[in-house]
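Presented sequentially are two complexes of subunit A, the first with subunit B as partner and the second with subunit C.
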Partner chain A sequence: MLADFNFRIIFEYLPLFLTGLRSTFFISGVSIMLALVTGTIACACRISSIKMLKYPAIAYIEVIRSTPLLVQIYFLYFGLPTLGIRVPEIQTGIIALMLNSGAYIAEIIRAGITSVDDGQIEAGVSSGLNYFQRMRFIILPQALGATVPPLLGQSIVLVKDSALLSLISVMELTRCGQTMTSERFMPTEAFLTVAFFYMCIYFCLKSLADWSQKKLIFREAY
Partner chain B sequence: MIEFKHVNKWFGKLHVLDDINLDIDPGEVLVICGPSGSGKSTLIRCINRLEPIQEGEIIVDGVPVHDKKTNLTKLRADIGFVFQQFHLYPHMTVLQNVMLAPVNVKKMSAAAAEEIAREKLTQVGLTDKAGAYPIQLSGGQQQRVAIARGLAMSPKIMLFDEPTSALDPEMIGEVLDVMVNLVSEGMTMCVVTHEMGFARKVADRVLFMDFGKIIETGRPDEFFDNPQTHRAADFISKILTH
Partner chain C sequence: MMAFYFSRLVEIFPFFLKGLWMTTQIAFISLFTCTILGFILGILRSGKNKIIKRLIGVYVSFVRGTPFVVQVFIVFFILPEWGIQLKAFPAALLAMAIMGSAFICEIVAGGINAISKGQWEAGTASGLTLIQQLRLVVIPQAMKVILPPLVGQYVLLIKDTSVVSVIGVMELTRVGWVTVVRIPEGLMVFSLVGALYFVISYPLILLSNYLERRMAV
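This part shows the complex of A and B:
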């Protein structure tokens, strides 16, 4: 069966795939950074007791989590120009991934914060520490350790989700597969290669997650 | 020092504190006992406003605790609280645990706070554990660190919420010794506990609660040997026979 595959064509298209890989790296990297910022802000608003902050944050998180990413991408891709905002596809894509992952990251961080035992907060309260001091010295140091593995998991999801940007003609890894398919009509070889590259990214991130988990467990057991 | 005036508190429909009136003098050691769910923990948690109250007034050292204008930071800095489950900060060393509030609430320099922290750790007999993490310590040692953490703020009052209930029997003594030591220094203390030996030895007054009410108060010997109410007698017989 493997003999039926044309491996030469893969090497012929390798430069294209490598630019696609670079593009996927770039899009995912920028998106995850922006999503971390978005998620942190959204989480801060979500756990705030100020209703003006809390309810918009809840609305944002729920809307994102209840709708498919592809719909969100199309909405931004077709919606932004009608609002008079014209940005290149790649930026539309990054905004979509940022908003999407941001909502999930907000919930990941919130879960980390709520996982800190109430007794810790009470101990801080009864020592006279104020809200920000408790957050900074007691809650966040304990919460953030617990969020590292799920955040890396979310990064893995984001990398794979970035494949959807091929549908708004962003030249990333999956789009390269589509290009090769349309030029040579060899979809099997094309998407086998695409899948291989995604797997490479996945295993890098996964070993990072495993390493960080060991590191964290080690620190807890000290 | 601490004054309860007609304090009422409800958890939903449950009347957890039912018209509590209580006066605690400076330097007094008050032991609070009663069956589980009787409101004794809630009572002391209201003193530093870990819990809100719905009616009445609590005055600590002249300050109305549940007044909106009260400076809670200052109030809480003057009241040490020791929990049943210790609640040490697991990501900090023993020394950092004890230093955190003096540095951040009292705005002490790190050097001054460390000096006090080491002094308090010596007082609870844990000088050599300053660099350890809580998880490396036994329950008794953790609770002594928690006491040192409270003392580092030089509080006027120390509150203890069942400080020995989560400990293995052989560790109870070391924690009680530290507390007895505190009594001899003249600290004002409210202790929720069923350690009768401790109560007999150091308490000025024992307070027995049930269903959110103060059922009986008295000197420890009188209370344990000759309880005035049927309910207190029943309770004492139960904790004695196990």
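This part shows the complex of A and C:
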């Protein structure tokens, strides 16, 4: 089966894979940063009591969560040009990933905030802290423990999701595998190498997530 | 122009329903197989045999560490190299089964591990065999932990069926992709596709939210 696994061809294509890897890093990094911003805003709207903010946020989160990412990517990829907006594929992809992860991150942050007991907030109110002080000194420090591990989990998901951008011809890791397959027809070498690189990223992020979880549980014990 | 494309879209709507039917078929078959495989693997993973545990662990990390598209490509392009020729539809089902069962395996193993040792010991003390302990004592209690994330995983599986469109299975996303070539109104076509996915997955999301609240006690 793997007896005629050709390492030479992998070395020949290594520069291509490394540019793909760099592109995957870039796309995931930028998207997760933007998604954090989007998610925080969406979450703030979702928990606010103003209906004009709350209901659009709910609609956004539920629509994103109940449709596949691939459909969202195609929606933007084929939809933006009909609106007269022409941007490179990579930007379309980053917008799609940002909007997708933003909805999940909004839910993660909301779960973190609602996990703080009401009594804590009441204690803050009776100590005379205003809204921002309560957020800053009481809610956020506790909510962070409940949000950081799932946020790292979401970033793992995002790195894997970025593979879907290969379908709108963004030159990232998976696309490199497709390129190599179409040029040399060596799918075994191509896709197992791609899988290997993704596994490396996965293990780094996974150990970071596990470590953060341990650290934060340790803090909770105080 | 918009109205013209809209009427065209209405004309070919049956085509979308066919795609929806294909998506539902893939989703149901893979939910079924993934659940069965996932439970078997999960029970083995929470068991005592170290070698089996390790093997399943490697399999699970491979599946969780690589994107589903790459797995689909591996199944569809690499298996033929090894002499296993699969058509797109069975290849899609196989890829779904490989992916889904790994995730469900982790959920089931987590649920079983959450049950205290005392329950197993009580089962042994009452003279139940291992299978009986599992079936009558452990699984019914573990179900409380397993069910909410399991339904959440079902939603993810349904959404992941869209990825198998890359190997040419004529399901909903693929139908949208083919249609957009003829009706160049991306927003309209993919809103329709998205709405049809929404129809299948939103009830499950509501169910998962409900179960989470029910079981949280």
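Definition applied: the second predicted complex is superposed on the first by the 221 of 222 C-alpha atoms of A that agree within 3 Å, B and C clash if a C-alpha of one lies under 4 Å from a C-alpha of the other, contacts with A are read in each partner's own complex, and residues count from 1 in each chain.
Simple rule for what comes next: a residue touches a chain if its C-beta (ideal position, glycine included) is under 8 Å from a C-beta of that chain, and two chains touch if they have at least 3 such contacts.
Because the structure is predicted, anything quoted here is derived from the model rather than measured.
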Q. If subunit A is used to align the two complexes, do subunit B and subunit C fit next to each other or clash?
A. fit
Q. Which partner does A:Gly79 reach: the first (subunit B), the second (subunit C), both, or neither?
A. second
Q: With subunit A at the apex, figure out the C-alpha centre angle toward subunit B and subunit C and round it to a multiple of 10 degrees.
A: 100
Q: Please work out whether A:Glu12 is in contact with subunit B alone, subunit C alone, both, or neither, and reply first, second, both or neither.
A: neither
Q) Which partner, subunit B or subunit C, touches the larger number of subunit A residues? A) C
Q.
After the superposition on A, what does A:Glu183 contact: first (subunit B), second (subunit C), both or neither?
A. neither
Q) A:Val125 contacts which: subunit B (first), subunit C (second), both, neither? A) first
Q.
Going by the contact rule set out at the top, does A:Asp210 touch subunit B (first), subunit C (second), both, or neither?
A. neither
Q | Least C-alpha distance (whole Å) that remains between subunit C and subunit B when both complexes are overlaid | A | 20
Q. Of all the subunit A residues, which ones make contact with subunit B and with subunit C?
A. none
(Q) Show me the residue ranges of subunit C that touch subunit A in the complex, using the header's touch definition. (A) 61-62, 64-70, 73-74, 77-78, 81-82, 155, 159-163, 165-166, 173, 176-177, 180, 184-187, 189-191, 193-194, 197-198, 201-202, 205
Q. Which part of subunit A faces subunit C closely enough to touch in the complex?
A. 1, 62-63, 65-72, 74-75, 77-83, 160-164, 166-167, 174, 177-178, 181, 187-188, 191-192, 194-195, 198-199, 202-203, 206
Q.
Residue numbers of subunit B touching subunit A in their complex, please.
A. 48, 50, 72-77, 79-81, 83, 85, 87-91, 100-101, 104-105, 133, 135-136, 149-150, 153
Q. Taking the complex as given, what residues does subunit A use to touch subunit B?
A. 117, 119-120, 122-123, 125-130, 133, 137-138, 141-142, 145, 220-222
